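Take a look at the structures listed below.
Both complexes shown next keep chain A, but they swap its partner, so chain B is in the first and chain C is in the second.
Then we have the complex of A and B:
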C-alpha cells in the first residue's frame, strides 16, 4: 500500500525537497514582532537612559517594523519615557521629524530602528546632516533568522501564481489521459478574459453592479467551450491529429482576442471583478478554495465514475475501448470541451487577478500546463495518470518559478533552470517506475 | 525518496552557482527588483544593465526580470519581489492599466515602486508610485511628423508601421498624426499596420504594404528594428530612391543606419538617462528628500549630420 502511494505520488518528495532548498537559500534576518524582544530592549534602555531623554522609534510603513515601532513606543510610554516619539512612514517622514526636533533645539538620545529602517540613507547621514545630534545612539532590536520562502505571504504568492495553471491542468490531464493534447489553452485564457471583460464593459463598465461579473465570466467560459468543442469534434469526427487541430485553434483564439480588443486592454470593469482572484472568504483566498474544490471533484470524477474510466480506456487503447462499447466519439469531444472550459475559467481568474482583460495574456501557458501534467506523472502516450499528481506537478513548477525570483536569478537563466528541472523530474519519474538505476546506466532491468 | 532529495540538492547547487547573492561585497545594502516588458529588446537590456551598474555604487544589487510581454507574468514577478521584501521595485509596465494591481500589492507591503519608460495609469494605483521617468514619446512622434513633412515636401501617400500592443508606440503614432493634422499636411496616411516592433515582422509587413500601395513616398516605423526591416523590403523591391523611412529610438543599429542613409531620421531616446534617473530617484527617496513625481526626457532629432559627428555611433552605443 505504502509502496504504491510512493510510486504514484513520488513527486511529492521532489516538491518537498525543492521547498527545503529554497528555504535554506532564502534565510534572512526578520524583524522581531514578539514581546520578548521588546522587553529585552526595554531593560537595556531603562539602564542606559533617563526618563526625560528624547527617544525616537522609527518603523517603515506597512512593513514588519511598523508593528514593532508601534509596540515599542507604547511600551516606552508605559515605562515613563514621556519624550518617546514614534515615526512610522517612509524616509522623508523620518527626516521631517528629525528637522522638527532640530528646530525645537532638542536632541534625541537614542534612535531605535528595525533592520529595514537601518537601510534608509537618512540614518547614514545623521552625523553629517545633523552635527548637533552627536552622541545619539542608534539601537536595533535583535533579529531572528527565518526563510523568506516560508513566510505566509510568500506561500500565498506561490498558490496565487499557480491557480490559473492548476485549473487548466485539470482539463489537460483528462485530454492527455485520453491520448490527446490541447495546445489552445493559452490562447483561450486570453479569449475568455477578453470576452468576459468586454461583456462587463458593455453592461455598465466601472459602475456596473456585482452581478455583471458572473455573467461576463459565463460568456467568456461559454465562448471557450464552443471553440474547444469545435476542435474536439474535428479531432473525433475527422480523425485529425489533435496536435495540429489545437495548434490551429491556438492561433484562431489568439487572433480573435486581438481582433476583439484591437490590441488594447479592457480595464473598464466592475469593482467586484477582483473578488474571485484576489478576495478571501472563510479566512482563505478564494483562489485556493476554488483549486481545492475543483481538484477534489476532478479526482473523484476520474477515479470513481464510469466516464472517468472511459477516459482511461480511450487513452489506453482506442480500438479496444470501441469494441468493448465505450462511446469513443463522445468521450473525445467531452475531454476537449472540459479542457476549454477549464481554460476559460483560468482566463476569468487571471482577468480577476490583474483586474483587466488583455489579449496577450497566457502566452506559453499551454507549455507550462503540459509540463505540470507530465511532471505530475501523467504519460504523454495516454491511458495513465493521476489528477492529484497534476496538482503536485503544478506546485513544483510554481515553487521553482517563485524560488528563482526570490533567490534573484535573472530571466535568461530562469528558463534554462526551469527546463532542466522539468527534464530532471521527468527522468526521475521514468527511472523510479522502471526499476531504478539500472535503466540510467543503459541496462534493461 | 533519497533520489528526490538528491535531485533537489542538485537543483540547489545549480541555483547557488547562478545566484548573484554569493559574491556580495562588504557594503551590501539590499536588493532592487526590476521587471520590464521584454529583456530581449536591447533598449530594456541596456536600461537594466545601467541600473545594475548605478545601483551597485550605492550597495544595491539589481535583479532584472523579463515579463515577456505578459501582464500576468509581470504581476507574479511583482508578488515575488514583494514577498522577498525587496527594498524597491523598478517597474516598466507591460500594460499601464493592469500593472496597477502589482503596484497596490507592493504599496501595501511598504515596498516603494518607481516606474520608467511607461507609466501606470490605473486610477487607484497612479498615486502610489513614488516617481516616473520616461521619454516624451508623444513629442518624439511629433518630431517624426516634422521630418516626414520636410523630407517628402509635404506631398504624397505614406504608411505607418506601428505596434498597437505597446503604449509608447501608440503615443508615438498619435504624436505623429497630430503633428500632420496641426500643420494641415497634404500627406495622406494610406495604411497603418503592426510590425510588432521587430525586424522580421517589419520586413513582412512592409513587403505587403509595397504590394498594396506601390506609390507611397514615406514610411514611419515606430522603432528602429521595424524600420530597418522595412528598409530590407525596400531594397528587395528596389524602391529605396522613391521611399524614405523615418524610424525611432536612435539605437546603435539605427544610428548606423542613419549614417548610411538608410533612415532619414530616428528621434533619439535616452535610455541611459532614464536608468540613472530611476536609481537617483530611489536614492533621493532613501535620503528622505522630495522627489518630482513625473519626469519626461524630451526626444531629439537624429539626422545624418548628427550621426556623422556622433562618437557613440562608432562605439555602437546608445
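Then we have the complex of A and C:
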C-alpha cells in the first residue's frame, strides 16, 4: 500500500525537496506585526519602568515603522507614561532629538526602536556618542528567524498564482490519460474571458448587479464547451490527430477572441467581478477553495466512477477498450468537452483576478498546463496518470517560480531553470518507473 | 552430445547462466550448432528460450559460461557485435519498418552509397539477387506494410543473408503463417541448410519439429533437459520432456451434448472478406472454423461481435433476429469474442489484471454513481481461483503475465459478463503445451455448462481434437462442413481450405 502510494505520488518528494531548498534560501529575520509588537513591548515596559521615566519612541519615515512609532507613543501615553516622546524620520532626526534632551539635562530611560530603526548606526553608537545617557536601555520588538517562503501570505500566493493552470490541468489530465492532447486551452482562456466580460458589459457594465457575473461566466464557459466539443467530435469521428485538431482550434479560439473585442480589453465590468479571483470566504481565498474542491471531485471521478475507468481504458488501448464494450466515441468527445469547460472556467478566474477581459490572455498557458500534467506523472502515451499527481505538478511549477522570485533570480533565468526542472522531473519519473538507476547508467534492465 | 564434431561445429555455448533481479532465467545451459543443421529449441513459455537467444544476439550478457564461434572463444557484447559475427536473429515481431520499402529495410543501416548518395539501383539489384537465392519473388520497391506476413518473413531472411549470416535464429517463424506458407518456408530453410548455414528454430508446434529439425534441445525452467536427434525421439517423449511429466493426451476426452440452437447467421456479407456466410451453433457444441490465414474467419466473427458492420445478412440470437451495432450490443446479447491478438485487442497491457477483468462488467459494479471496488475484487478473486490464474496479486500488470494466464484473464472477464456464446479466435496461439491443455479443459467445461462455442484455429490437430463440427472457409466463403469429426482427416480439411 505504502509502496504503491510512493510510486503513484513520487513527485511529492520533489515538491517537498523544492520547498525545503527555497525555505533554506529565504531564511530572514522576521519582525512581528505592529499590534503584536506593541502589546509585547508594553508588558515589558510596564514591569521595568516608572510612569515618569523619559521614554523615546523612534520610527523610520516609512509607512509600517511610522505607524508603529505613533501607535506606540499613543499607547504609552494611555498607560500613563506622560514623558513618552515620539520621533519619526531619518537618523539625523533622532540625533537632533537626542541632542535636545541632552541640552535640557534630561536623560531617557529607554529608547524604543521600531522596525528599520533598530538597524541604524545611531542606535549602535549611542553609548559612545552620548556617555551621559549611560543608563538608557535600547528596546526593540522581539524578532525571529523564519523563511520568507514559508510565511502564510507567501504560501497562499503560491496557490493563487497557479490556480488557473491547476483548474485547466484537471481537464488536460483527462485528455492525456485518454491518449489525446489539447493545445487549445490557452486561447480558450481568452475566449471565455472575453465572451464573459462582454456579456457583463451588455447587461449593464460598471453598474450591473452581482447576478450578471455568473451569467457572463456561464456564457464564456458554455462557448468554450461548444468549441471543445466540436474538436472532440472531429477527433473521435474522423480519427484526426488530436495535436493538429486542437492546434487548429487554438488558432480559431484566439482569432475569435480578437474578433469579438476588436483587439481591445473590456473594462466595463460589474464591481462583483473580482469576487471569485480576489475574494475570500472562510478565511481562505476563494480560488484556493475552488481548486481544492474541484480536485477532490476530479479525483473521485477518475478513481471511483465507471466513466473514469473508461477514460483510462481508452488511453491504454483504444481497440481493446472498444472490443470490451467501452463507448470509445463518447469517452473521447467527453474528455475534450471537460477540458474546454475547464479552460473556460480558468478564463473566468483570470478575468476575475485582473478585473477585465483581454483577447491576449492565457498565451502559452497550454504548455504550462501540459507541463504540470506531465511533471505530475501522467504519461503522454496515455492510459496512466493520477489527478492528484497533476495538482502536485502544478504546485511544483508554481513553487519554482515563486521561490526564484523570492531568491531574486531574474525572469529570463527563471525560464531556463523552469525548463530544466521539468526535464529533470520527467527523467526522474522515467528512471523510477523502469528499474531505477541501471537505466540511467545506460545498462539494459 | 556434440563431441567429435568439432570439424563441423559452428557454435558452442557452454554452461551459460543468467539471472535477472534474483530470478535465475538460465542455469548452466549448453547448446551447440553445426553447419548445415536445423537445431530446434523448444520449451514452455518462460523456459529460457528467448533469454538464451538474447544472449546469443548480444542483447543480454551472460553471468557465466563461454561462447565459442567456429573454434574461437568470443564475447558478444552488443546486438551489432553479434551481427558482425554473422549471427542473425529473426524475432517473432519483425524488425521491419512498415513505411519503408523492402529494399530500404534490407539495407537499413548499411546503405550502399555512391558519392554520398544512396545507390538505389545497386541496392535493388542486390536485393533481387538475394530473393533469387531464396527462390522467392518479392518486388524490392514494395512497401513492407503491403506485404503478407509470410513475405515479410522472407524479407527478414533476405536481410540476414545480406549481412552474410552464418547462423540464423528464427523465433516461432510459423506462428502467423498458413500451412502452404509454412511449407514454402521449410523449402527455404532446407536450401539455407544446403548452403551450410546453421539454423536455430524455435517453435511451439511439435509437428513441424519432425518435418524440419535435425536435432532438438528442450529447456525447462531455465535448465537444459536434454538434446536429442529428432530421428531418435517421439512426440510423446518431447511433451514429457517439456512439461516434466508424462502427458497422457494432448486433447482432453470430452463427450458433448448439443442442445438448442443459440446463434444462427444467414447470408452474412462484407466486401470480399466475407461472402454469403451462413451457419448456426448450438448450446453445448464446439464449432471449429478451419482455413488459411485470410480466409475470412476472423472477419466473419468480427461481424457477429459488432466490431465491424456487415454489408448485408442477418444474425439470430436464440431464434430472434438481432441487429448488432457494436461490441456493446454484442455483450448485451451475451456474445463475447476472445481475439486472436490478445496483446493488441484483448487486453490493455499497461493496466492491472483486475482493471482488465472489470472493463466490460463495470455496469454491474455500480453502487449509485460510484464503482463498488470491493465487489469487483471479490468476483475477480473467484475467477482467479476457479480458472487457476497464476498472478502475484490483482494489481499485477497484464503485460507481465504468460500467454496462458493472459488468455485466462480475458476468459474471466467474459465469463463475468455472463456470456452464452463464446467465440475463441486462435485460443492457444503462443501458449505453451501445459497451459494449452488447461484452456481446452475450460472450453469443455463451458460447453458442458450449455454455452455455444465457436473456435477459429489454424492448427489442424486442434481443430480435429477439440471440435464437434468443423466448417472450412476459403476466400470468404464456407467451402465445407464436416459433422463426423471422429472420422475426419487433416487432408480433408486442407484440401477444402486450399481450393
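Note that the second predicted complex is superposed on the first by the 335 of 445 C-alpha atoms of A that agree within 3 Å, B and C clash if a C-alpha of one lies under 4 Å from a C-alpha of the other, contacts with A are read in each partner's own complex, and residues count from 1 in each chain.
The rule is simple: a residue touches a chain if its C-beta (ideal position, glycine included) is under 8 Å from a C-beta of that chain, and two chains touch if they have at least 3 such contacts.
The structure displayed is predicted, hence computed values, not measured ones.
Asks: Touch test for A:61: chain B only (first), chain C only (second), both, or neither?
Replies: first
Asks: One more residue to check, A:313. First (chain B), second (chain C), both or neither?
Replies: second
Asks: Quick check for you: in the superposed arrangement, does A:161 touch first (chain B), second (chain C), both or neither?
Replies: In the superposition, A:161 touches chain B alone.
Asks: More chain A residues touched by chain B or by chain C?
Replies: Larger number of chain A residues touched: B.
Asks: Looking at A:355, would you say it contacts chain B, chain C, both, or neither? Reply first, second, both or neither.
Replies: A:355 contacts chain B only, not chain C.
Asks: Going by the contact rule set out at the top, does A:305 touch chain B (first), chain C (second), both, or neither?
Replies: second
Asks: Contacts for A:105 in the overlay, against chain B (first) and chain C (second): which applies, first, second, both or neither?
Replies: neither
Asks: Touching A:120, do we find chain B (first), chain C (second), both, or neither?
Replies: In the superposed model, A:120 contacts chain B only, not chain C.
Asks: Show me the residue ranges of chain A that touch chain C in the complex, using the header's touch definition.
Replies: Of all residues in chain A, those touching chain C are 4, 300, 304-306, 309-310, 312-313, 316-317, 319-327, 383-384, 444-445.
Asks: Any idea which chain C residues touch chain A in the complex?
Replies: 20, 59-60, 305, 307, 326-328, 330-331, 337, 339, 344-351, 355, 358-360, 362-363, 365-366, 369-371, 373, 395, 413
Asks: Write out the stretch or stretches of chain B touching chain A in their complex.
Replies: So the residues of chain B touching chain A come out as 1, 3-5, 7-12, 14-16, 18-21, 29-31, 39, 61, 63-66, 68-72, 75-77, 79-85, 87, 94-95, 97-98, 100-102, 107-110, 112, 122, 164-165, 194, 283, 285-290.
Asks: Which stretch or stretches of chain A touch chain B in the complex?
Replies: Chain A residues touching chain B: 6, 10-11, 13-14, 16-18, 20-21, 24-26, 28, 60-63, 66, 90-96, 116, 119-122, 125, 148, 151, 153-154, 157, 160-161, 164, 262-265, 267, 274, 278, 350, 353-356, 358-364, 400-414, 417, 420-421, 424-425, 428, 431-432.
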